[in-house]
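The structure under discussion is supplied below as structure tokens; questions concerning it will follow.
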């Protein structure tokens, strides 16, 4: 029930980044964060999104 | 007319007293002396010592008497000379003033406006500088107001005098004479419970009130910050809609007040945001406040939040990725 | 003025006072018993102070405003407060004027011109002073009376109220119902000076009276009321009685005092009153017994009926914090209900 | 020995008084009567009326006298009969007790433990039920403690009696006799500033204290919730490390207290989290508290946070996407 | 005891008192002038109360503990407080015992056994009572003296302190320095009863004295001190003087009073003192002039020097909130500095 990836792969991200990821159907756990402590930033999210767009 | 905050409050009291004999003023030195900050200057001469009442040195007597007056249909405006001394009347405020409507099942009310100067900036040290708004905001039943300029002072005081509930009216003493602005001579209201939006921008929401408003505005102008600046004006009940809609727009929040950080009003503002708009936040909610120490004398300038600290906080939330 | 002109009028006045005392005592005992049976949550008995309260009541007029304290049920009854109002408050039920918000014994009543009782001791006194100021300012009729216990004489509010009333020469009658105890503290340890003598420190007259005797109390209060009503300023009366019961239903006086005045003894103000009235020829023993019976019947029946009144609606919890319900309260109400 | 909280506090006072004649007790009815909740029962008989002092009815006298005693090297333990009545002494607390160390440049201190029962659950209505911890936590210079069980009551009281600063010791009256637990007879300390972790779990951090601890524990057990349950024990200074590291683990927070929501302690806890761990949060920070009304009599059960409300909050943060 | 046995001793005592008064007045005027020049932030003058303070000082012993109020510089000087301590506080500089935290005129001093002055009027009084309780309990030598203004007699703290001191029979000397004004409120509007008479309401002796005359004040205080020291309980002295200056440097007394006692007039306590001492043959006019000159030289030179002492280090702002700095203060310090 809880949105928690297994093991130690705890994703850091601001609540807004989480919301946007959720809204756009992006799995944060597969993004490599560029922020402090590997935090996923809005830019990372955008990059992931455009990567997905080019792939498809 | 161009007025400073003292003149705005004084003339508003004068105007309202002229038209409504339910309004009486009471407090230490409010009469012949005109108040230690001259806010009630000239009113005793005009309305007599029965309506502008010099009291003995007992805040609890002032507040208790004002409550009793309000119960009988008057609209008293008690003054506490410095907010720092209000604690000697705290039981009357918390256990009587705030609870009488509730306690009497709505049969009685306590319409009064308790005016008191707050905050630092006049080298007042430990006991002439406190910003105790949290004590009042935490107390259910009180409405808490704090103007940041002469115009709002008049408009908010008029609304407070209309209210059928007790108002704690906190006057930032360091803004008493710091600016003159155009204040209409006719009666007008600034509504309670509605914040002022003094600047609009998309990057960050800066939420502040009272003494810190000019400092925040100077920071925003000087630093060319693309910010919403929200002047709460009414500290309780907060204008939650204005706060939340700004936060949803900007996603970044800095809260600025002079009162100490721990359980300062910023804590509640932050908690309300974290409860109802967290998914819009790109960054931590940062508070810039007075430190959790008593208010000092000689090092006052270090105590008071300043542009440098506010800028640093803005930078922190803006750069947070 | 409450001054008595004929013997017939005096008789009516005295019997009315005695009836209030009887009803007050009856109600008090009923609630105490019910509390022990778990039918009432808490109670502060007034047994022993009926004569003080009746005496004060007799001296006041209907238009006088009263800031009473938590033991004043006989005073309330004397001034025409229906016992339903008291019982509804004791139950904190849906008909309680205070909507069940206050602990039992913190009464309010519009009938009889009473305000509402807060718990913090002595804090009614500054309000009484402000009320008197406003009433004089607005030229309303009547004086203000404020009652309090002996312990209250130590409070900050007593000091401020006495001084303010004196400085503004206000029409306030301060009545100390000295029942000799503040919970476990006997008055000798509360202060070294009798309460009535403290009036002098504020430049107002003070008087002491035997508060177990309603006729004496009436006479002293009447004089004090006349003084106050004439505009000469405030007045302090100390009526000395005895707290016959525990401080409250939560209190166990055996922890701190050995013998108290017993109900029915010669020092019981009800016994004293009955004797006086019989001696004056104003009542007979039979009439007195009938009063007791009627009181019991009335109290029993009202108690039974009002005990059934349900609790206030849950949503009333959120009313009356402000005139208009604030957004946070609406939200909290929604979450909680 | 199995003890309830009253017994734990009583025996701790006894034990410490036996070994330290600087400790004196003062308050209304604390002597012969043993206190209205019997917390000081038997101590006057044992230590005499000079050390267990019945006072006249003036809280400000009790507090002011205790401060004066502390200045002269005693360790007074003043009792305020109900916390609701403390406001009549509020100036002495805020302007003297809390500020004397600061005001005297560290030359003087006020080591005392002000004990007072707090909270509802005994059908005390408006004036025998208040939870005013915010007023004290907001006041710089005070240490604020509130035990949730007899063991902690003893350990925290011992630590408080050791401290060289003033402690406001808030005793949840509804826990006074609600449970008996094993409490060692020898002196021991529960450290100040350290929260207790009563349950560990990964899904949610529930932060609570005092009267709400048993309710929270029942909710967690009953609902099989995989939660960290943090009992703050010291309300100020907070154990920020325990709070933050739990939040970093769970990413979801529910705060539970009995005091009213607005500027209740939960506001500060929430703000601290939003300031330093927001990037760990999956969900809003939710507070379950008493509503912002005075404390009622008959509807007490509706006022008090209960398992249903706590579960709903847990559900809200857990299901938040 | 401060009792005088020989004329030589009396002479020394009186001259010492006069010297303190001269130094107090000189310091007072220096600071007032400096404040007008913008060299001092704020000040509460004590001009007019020197005789009261010297008289009280003479009656006390070094081991007596004093809870003074904000105008007591002559009392402090008499009891041996170096004027450097006063001046450092006035500047709030790095040498100030209170680390520059308090507004000027809120003094503390370990020398002379003084506590520290809070602003809220009257709130030193309950502390004095607690101190007396503890000192008796610990069998420490000395009594406690507490000073306050006439306005303070209206405060809640006065009422509680007087009552507690009386109930526990504590060794406290209460000294009201009645300078006839509480800012703009003349004492007649503060209370209808003279301060010393309020002692009766607490069951303690009270006395009034001409506080403009240091010898009379000394005699009355000496008697009161003897009474207190003998264990008979507290005592209240009212010394009536006149606030010759403004309430503070922020006050403009022309708003509310017409004529005040002028410096150098017959009612000036310094003039009265000089006359008495010359009449007693204890000083000459020349000796007096020399005292004034020496005082001026001392004050000027100390003022100049201490004016240069820098402000306290910014980081001291965060010290002494608690014995150990808490995590939030460390964090705030880091953010701010």
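So that you can tell them apart, the chains are marked A, B, C, D and E in the order they are listed, and the count of residues begins at 1 in each.
One rule holds in what follows: a contact is a pair of C-beta atoms (placed from the backbone, for glycine too) under 8 Å apart; a residue touches a chain by one contact, two chains touch by 3 or more.
Because the structure is a prediction, the values reported are computed rather than measured.
> Between A-D and B-C, which chain pair is linked by more C-beta pairs in contact?
If we tally the C-beta pairs in contact for A-D and B-C, the bigger total goes to B-C.
> What chain lies farthest away from chain E once each centre is taken as the mean of the Cα atoms?
A
> Mind checking the centre-to-centre distance between chain C and chain E? Centres are C-alpha means, answer in whole Å.
46
> What's the distance between the Cα centroids of chain A and chain E, rounded to whole Å?
69
> On chain B, where are the residues touching two or more other chains?
56, 58, 60-61, 84-85, 87-88, 91, 95, 99, 102-103, 126-127, 140-141, 262, 278-279, 281, 283, 292-294
> For chain E, what residues touch not just one other chain but two or more?
96, 101-102, 106, 118-120, 123, 154, 156-157, 159-160, 163, 167, 189-191, 321, 326, 328
> Would you give the residues of chain A that are in contact with at least 2 other chains, written as numbers and ranges?
14-15, 18, 39
> Show me, using the given definition of touch, all chain pairs that touch one another.
Pairwise, the chains that meet the contact rule are A-B, A-D, B-C, B-D, B-E, C-D, C-E, D-E.
> In the complex formed with chain D, which residues of chain A make contact?
Going by the criterion above, the answer is residues 1-4, 10, 12-15, 18, 22, 39.
> Given the complex with chain A, which residues does chain D contribute to the contact?
Against chain A, chain D makes touches at 202-203, 251, 278-282, 318-319, 321.
> Which residues of chain E touch chain B once you look at their complex with the stated criterion?
Touch residues, chain E against chain B: 41-42, 91-93, 96, 100-104, 106, 118-123, 151-152, 154-157, 182-185, 189-191, 250-251, 255-256, 311-312, 314, 316-318, 321, 326, 328-329, 332-333, 335-337.
> Where on chain B is chain E touching in the complex?
Touching chain E from chain B are residues 28-29, 31-34, 36, 54, 56-58, 60-61, 84-85, 87-88, 123-128, 261-262, 291-294, 296-299, 302-303, 309, 312.
> Enumerate the contact residues on chain E facing chain D in the complex.
Per the touch definition, chain E meets chain D at residues 96-99, 101-102, 106, 108, 110, 115-116, 118-120, 123, 125-135, 137-138, 140, 156-157, 159-161, 163-164, 167-168, 319-323, 326-328.
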